[in-house]
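Letters A, B, C and D mark the chains as written, and numbering starts fresh at 1 in each.
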Amino acid sequence: MSAAEAADGAGPGRGAPDRAEPDRGEPIEDFRTLGAKLRNWGRWGADDERGTTNLITPERLIAAGRLIRQGKIFDLGIPLDGNGPQTGAFRINPVHLMSATGAEQPFPSGFRYADDYLFLPLQAGSQWDALAHVFYDDQLYNGFPAGAVTVAGAGRCSIDGQAAGIAGRAVLLDIAALHGVEWLAAGTAITPDDLDAARRRQGGVAVGPGDILLVRTGWRRKFLQERDPAAFMAGEPGLGQACCAWLRERDVAAVGCDNWALEVLPFEPGGVFMGIHMVLIRDMGMTLGEMLDLEALAADCEADGVWEFFLSAPPLKVTGGVGSPVNPLAIK
Amino acid sequence: MSAAEAADGAGPGRGAPDRAEPDRGEPIEDFRTLGAKLRNWGRWGADDERGTTNLITPERLIAAGRLIRQGKIFDLGIPLDGNGPQTGAFRINPVHLMSATGAEQPFPSGFRYADDYLFLPLQAGSQWDALAHVFYDDQLYNGFPAGAVTVAGAGRCSIDGQAAGIAGRAVLLDIAALHGVEWLAAGTAITPDDLDAARRRQGGVAVGPGDILLVRTGWRRKFLQERDPAAFMAGEPGLGQACCAWLRERDVAAVGCDNWALEVLPFEPGGVFMGIHMVLIRDMGMTLGEMLDLEALAADCEADGVWEFFLSAPPLKVTGGVGSPVNPLAIK
Amino acid sequence: MSAAEAADGAGPGRGAPDRAEPDRGEPIEDFRTLGAKLRNWGRWGADDERGTTNLITPERLIAAGRLIRQGKIFDLGIPLDGNGPQTGAFRINPVHLMSATGAEQPFPSGFRYADDYLFLPLQAGSQWDALAHVFYDDQLYNGFPAGAVTVAGAGRCSIDGQAAGIAGRAVLLDIAALHGVEWLAAGTAITPDDLDAARRRQGGVAVGPGDILLVRTGWRRKFLQERDPAAFMAGEPGLGQACCAWLRERDVAAVGCDNWALEVLPFEPGGVFMGIHMVLIRDMGMTLGEMLDLEALAADCEADGVWEFFLSAPPLKVTGGVGSPVNPLAIK
Amino acid sequence: MSAAEAADGAGPGRGAPDRAEPDRGEPIEDFRTLGAKLRNWGRWGADDERGTTNLITPERLIAAGRLIRQGKIFDLGIPLDGNGPQTGAFRINPVHLMSATGAEQPFPSGFRYADDYLFLPLQAGSQWDALAHVFYDDQLYNGFPAGAVTVAGAGRCSIDGQAAGIAGRAVLLDIAALHGVEWLAAGTAITPDDLDAARRRQGGVAVGPGDILLVRTGWRRKFLQERDPAAFMAGEPGLGQACCAWLRERDVAAVGCDNWALEVLPFEPGGVFMGIHMVLIRDMGMTLGEMLDLEALAADCEADGVWEFFLSAPPLKVTGGVGSPVNPLAIK
């Protein structure tokens, strides 16, 4: 973002202004009040920088391995190339450039090699948000000072702190299928009732401590059909703020979605821009996954009735990074 | 690599010249002859672009999941930052830059966010080589034309073709420990006998079809102690050419190492620069992992005597990429 | 451009298809026939890589210095930032990132510094096209083989070959003002008659050997008013093919414009995509300047009646580069 | 610079520690005391962000044009490629990557194009320092708050504020030639006496108001002979602190040099790291040019006895940039 953009207040709020839309239900709770209730600060010690991924205990990880029963793998990353969902207004799509192709090389043995570079916003595509990605009132998760995030990177709560993860039992809840639509409309707030209804529809699959929850809104399908980054980014269906408590009560370890910001946009009445990010990341210490491609996985789950699986989604070890591209593997 | 560098024949051969060192044993077989013997072309169909990762069948993947018995995770990626092992002569270390830190942001709600960019050679750190990374005689793996690799990327055998992987049973063979050294010397060719002796020392751990083999030379430890990129890159201990047949006979699915090029450098008498890459990647269709950090994993295996584990190492889905950074998770 | 884009024929032709628009006048001459007539190959020796900038002789440069009579400077570069005219479909806008801001620095003396990086397509904004930028029939300007341009850069006719330039006498011809419009419509082909009429309207200003010609279409003004990259890139007014001979007859040294491709798009009946580029760059050896901001300069020339000036527009010395960003200075 | 590097206090001070060398003469004045004496704040108004380039008045610019008497051009930029003087410890060399080469393109007309990208620290090679590049005590030049420099760029005193420049009369003083050496040794502080002696040796060439002063130490020649970035960066001969007053008294508009930091390193007794930068940039508002190649120009001046010329060195218009690559043209 250039100085000019910063000066006129642009940024992630483009198309998602810092005000509520009218007539969409009861005003939601103030995010600070909710955050104070759900806060996990100190739960894993004063020095903890991992948050809810601590909930993936050895026992739970062992049990998760047992979910590999059919030997099927689904890769949930979206392609990293110039045809991605970024418009350039806030982030650009990745730029992939070859530095060698094998042509014109001087090795007498016949050896030829190709090599390449990538330039990308770390959150351009399928990604994990580091716990340092979002914060408020001068504090990061676990009370670390916001000043720990500098131009040199995040000194606290950076994505490399999650490097020995993120893997465990995961459950997919397909909210678009629940409602019988290809995709939910932008501005549709997913409720705790939706999550529970989806569980019931999906054979009563349980969501419990240490699980990674994946929520399908269909927003990726919309992009695949329309190939319209501006439409993809203009708003989205996503988690409503009431889901924060639902995730906290069940001690979910991480949550991922197929939209670009996990949470509903425009935000709910009484809410603020990225209020759910602030509660989940900064107060609860929950790592968020965004822009996942859940299409093939959801079709398979619908077909075999198995909505739980082993998920392995290691972030890159970007020192001080506030996000990481990821290509999660769902293994059944 | 600039035009000027190409003109003087520079490139990956720096410090590893295209000629053999004297007096290091019997000359090895011509790599073309060996490649013709070990070739896997057509084995998984004329259109196959995945090669030996096809050997990770559903059954083997299910069995691999059962290796998660203690709930321990080891992340094998090296940090992606400016302090990595690259000298800049061939590749640079990753450059991580913040585009937002939370400071000076205009959101009245108090929302603050941090965001970042990465610029990196895809093989700057821990990495998978795509099957399009290395080739000779105008053909890639499975006979695809070398012309499929252009300035726009690899049209065949690119790393995104491995996206629904790479995960399965893995075995670590610690050759440095076998020889009782912190690290093997540069130019030390690991032999099939070394691999078998390591297996015997490690409780007779089996290496078989569909397995991912990790080989520890100690070269990463050297770098961690010395922090000298030039010394790390000047040569290395690594697989000798005879290991190619050993890997082929056992139908290993992929192989990784803690050095920067997997194979011994300077190369063995009678060999050529990157001869083993050419046989493994182009003829056998084997994906190679390089610059892994096997230190903590090896220490743990030595302690508990368990040298097999579940490995999950999904490459990023870089469209047309000839490599991918990776942070593999070894899970016991 | 990704492999996928290359495969479907995308690229610079987006919005400017490889076919003629109907009913826009007589078909123009085949570009190859015209190119053969106007060709400057061999004129400055078989090894020449500079082309028509050779026409800026010492005598002409001395005379050009005498045009600095009022001490006024106009900078013709457009800002390099994320708000530029690129849509991302072919090229992206420059990305400027800070690596240091002065905050959190450890120097006890109080020393603070800021530092920054830029990632940009070399032709993202105001630019010079190198003579290696465009070619056909396997030959670059002066008959150099097209194969001299590789993934490592341009081995011939690269932009650093123009490093000891580009400076000399320049003349602005304002075609939008000639026609009394803010900007010419997309698809408007500027003719030799337009150029001569503009000269007459502008006090009979001469255009002769060694001059740098700047042509104003108003297309930059359109962008400044609309801030619509897609509209800016969808087509443009520009030089018609007949202007090639006009430039050749006068021995113009270089030509610049305020649109993004100098030449009219969609192209004239009988023409081809970038036909004028091919004749000017590859046959005549003429360096082209694009996306210049001529607004303030044109207003000043209109006011004082002086349409000639000293122009200094040194390209960056990018080894092997096929273009360079530039911030030309017009000094009266 | 990564978070890890920041934590251990690394940065531009590498090889140039924040302490004085012993026994090199009398301690110099405290830089704050000197800065307060030489300060130009308010001289061109409270809003001025250009500093001493304001001294290049229209009259002086007209006179400068008259210095173009022989029609000779010297390009003073160093090549932008991977073989530059950067070691990677603080900044990297530019990375130039092709995005198109003309191969495999689908245009039926025969049209072929090449295109390229550059990733570079803006001060990787020949460069202008913006006035926002260096500061102390929470204030930039002219008293602007240091907080104007954020992760989004410099809100004040950025390099694009110098866009309508930098051009005018320039004088080269060859201090290496004065002392009859190929290059001065690292740590050699150039004195006002050196500058005056050089003027006398060079026919009494005057340095006065609005002039751009170029100082040759021979440090570029050293690099061209040795091609050793670490040796180039380890220290350097350069301006001693007493030259600040000399420049101020003569109202020099800008100063450039052939070393990497203009000023002597290690710094003089009593000095601090980058003390001269702080006085020149932050207090005097002087734009500094670094890593210029003065070799051919100096040889020509020695031959014809003409040490004054027209210099045109427009920075790129990087919005909010704190530096810019530049390829200055010296025209005699």
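One rule holds for everything that comes next: a contact is a pair of C-beta atoms (placed from the backbone, for glycine too) under 8 Å apart; a residue touches a chain by one contact, two chains touch by 3 or more.
Here the structure is a predicted model, which means the values were calculated and not measured.
Setting chain B aside and leaving every other chain in place, the chains that still touch stay joined as one piece.
Note on C-D: across the candidates A-C, B-D or A-B, the interface recurring with over half of the contact pairs conserved by residue number is A-B.
Mean C-alpha position of chain A lies 29 Å from that of chain B. Between the CA-based centres of chain B and chain C the separation comes to 45 Å, rounded to the whole angstrom. For chain B, the set of residues that touch two or more other chains comprises 1-2, 4-6, 79, 81, 83, 95-96, 98-101, 103-104, 117, 119, 150-154, 319-320. Taken as a graph of touching chains, this assembly is complete, with every chain in contact with every other.
The residues of chain B lying in touch with chain C in their complex are 1-7, 95, 97-99, 103, 117, 119, 150-155, 158, 319-320. Residue ranges of chain C in contact with chain A, taken from their complex: 1-2, 4-5, 81-83, 86-88, 92-93, 95-96, 98-101, 103-104, 119, 147, 150-152. Put simply, chain C touches chain D in their complex at residues 1, 6, 9, 11-13, 18, 31-32, 57-62, 64-75, 77-81, 83, 91, 94, 96, 98-102, 104-123, 125-126, 132-137, 146, 149-154, 160, 163-165, 167, 272-275, 277-278, 310, 312-323, 325-329, 331.
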